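Chain IDs A, B, C and D follow the sequence of writing; residue 1 opens each chain.
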């Protein structure tokens, strides 16, 4: 069984047609899993729905506490890309005995051109096979926490 | 580097608006990888574009020969779902030293509701991590060749 | 108030992922109207769901009877493109006092690249303004019954 | 022949994946017409690409001058919804001898759920049939300039 924690991020952003702004309504994870015809045994929990640029220390504590309390040793976290590497390092410093994979999207799922389905597929595969540790799954690749940065100019994750 | 062999399947089917039939024009793999913002180093080759129900022994020989000749030890094959398990067993009996993952889709990529992006993401993740062997990646899961069947009534793959 | 009669056609076809065939499940008209944020007062009725190549005389009688019995003088009919011109002529010979517009799609609505939303928007505009008569609304144009054919090679409607 | 003037608006907004903001790159009108399989004879010109909340008097002058100079008597203007009614009144006070229809979208075309294709289809139908005057085509309806407002709470246009 895989535990999934939802924290928001571009993944789940929607377009508010009344004011033209992007916002969070509810997660699309279940819809995405159905579209992907996933048959994995998952337990899903929405911790909060935030742009990761607005994450506070308290939010990261909350994620860490949720991971620590999870009965499953395999955890997927959906997360905004902007501070994904920070959260990964934060978790890597605090949890050693579980396989934790963070993923997200550059384009909201609800917009036609989203990379969300691809990233979700990759992340769910990686979390099944990797040994304990904290990782980021983006752009089809897997990066250990602390060895990856988001290249802001290209909108891609790369090894450091 | 990952070698990708394209063989057709629902993945790549399109709707012919002139006669209402489904057909193959060209692969959408490159488009899918761009949409997924993949940064994996891939080498792609279209072996043929066929409905897997129409695969002959010669077609499977061709796939096997391509796998054997590939310089990469990690190979992804896009394949129709109907005889995917047969091809997997065929390859498993003939190639032992490479990691080969077969994947496909229940719905064509060009139709809005396709599981293709999810499956492609999963398969590319699995092929990076698995030890030598032949596998099927569908529904978010990984199955070793010979231990999986397509449940025709549900349109899902399941372990046997 | 506009009366809408649904008769099937490519508009409403879906992909059956279990056998790879196209089929009718239910109409997508309501979903399309919501997507278009239509605020028109419509009354909708599904007469049947058929490929128009399989229409019998009885089917055309049924459509004609429904149009004759409708309390509204403005009627939209969704219809397969293959015999749309025949049905238009059939109705034109039998009903003179109502504005009847037939429309359809070359690509199913459920497939990303459908012309359905565009055609629905056009047809609903035309049916509001045109004088009594039977018309076909396709490719952004309006054609009176009897003066239009489907160009099978191009998949377009053209004046004759 | 129909003259089309593009002025921006939600219609043509895109998502910038690098900073998460919405912006204008280029118009999608040609792509939309192709998707709709339009066979109308159109002449298209981009006047500018702006959010209509940022329109100045100069912008409206520019639109008016373009309409006045157009050789066609039938003109479609794509326009942001926020000040569409103002531009319509501005034009109605200055141009009497042409049929001018303004339309737009509540959701960008590039996002899956856009009403753009439906509105474009309607507007192109209305502009072919209406007598000289300035109109707004939204929500499947047609409104004469000066007799319509955008209901901000509902995101719909309604008669006044």
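The working rule: contacts are C-beta pairs under 8 Å (C-beta built on N, C-alpha and C of every residue); 3 or more make two chains touch, one makes a residue touch a chain.
Please read all numbers here as calculations on a predicted model, not as lab measurements.
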Of the pairs B-C, A-B or A-D, which one shares over half of its contact pairs with C-D? A-B
Have a look at where subunit A meets subunit B and say same if over half of the interface residue numbers show up on both copies, different if under half do. same
How many Å are there between the centre of subunit A and the centre of subunit D, using C-alpha atoms for each centre? 39
Rounded to the nearest Å, the gap separating the Cα centres of subunit A and subunit C is 44
Centroid of subunit A to centroid of subunit B, CA atoms only: how many Å? 26
What are the residue numbers in subunit C that touch two or more other chains? 106, 112-113, 155
The answer for subunit B against subunit C in the complex is residues 10, 13, 15, 17-18, 20, 22, 51, 106-108, 110-113, 152-153, 155
Subunit C to subunit D touching residues, read off their complex: 32-33, 35-40, 106, 113-115, 117-126, 128-130, 137-142, 155-158
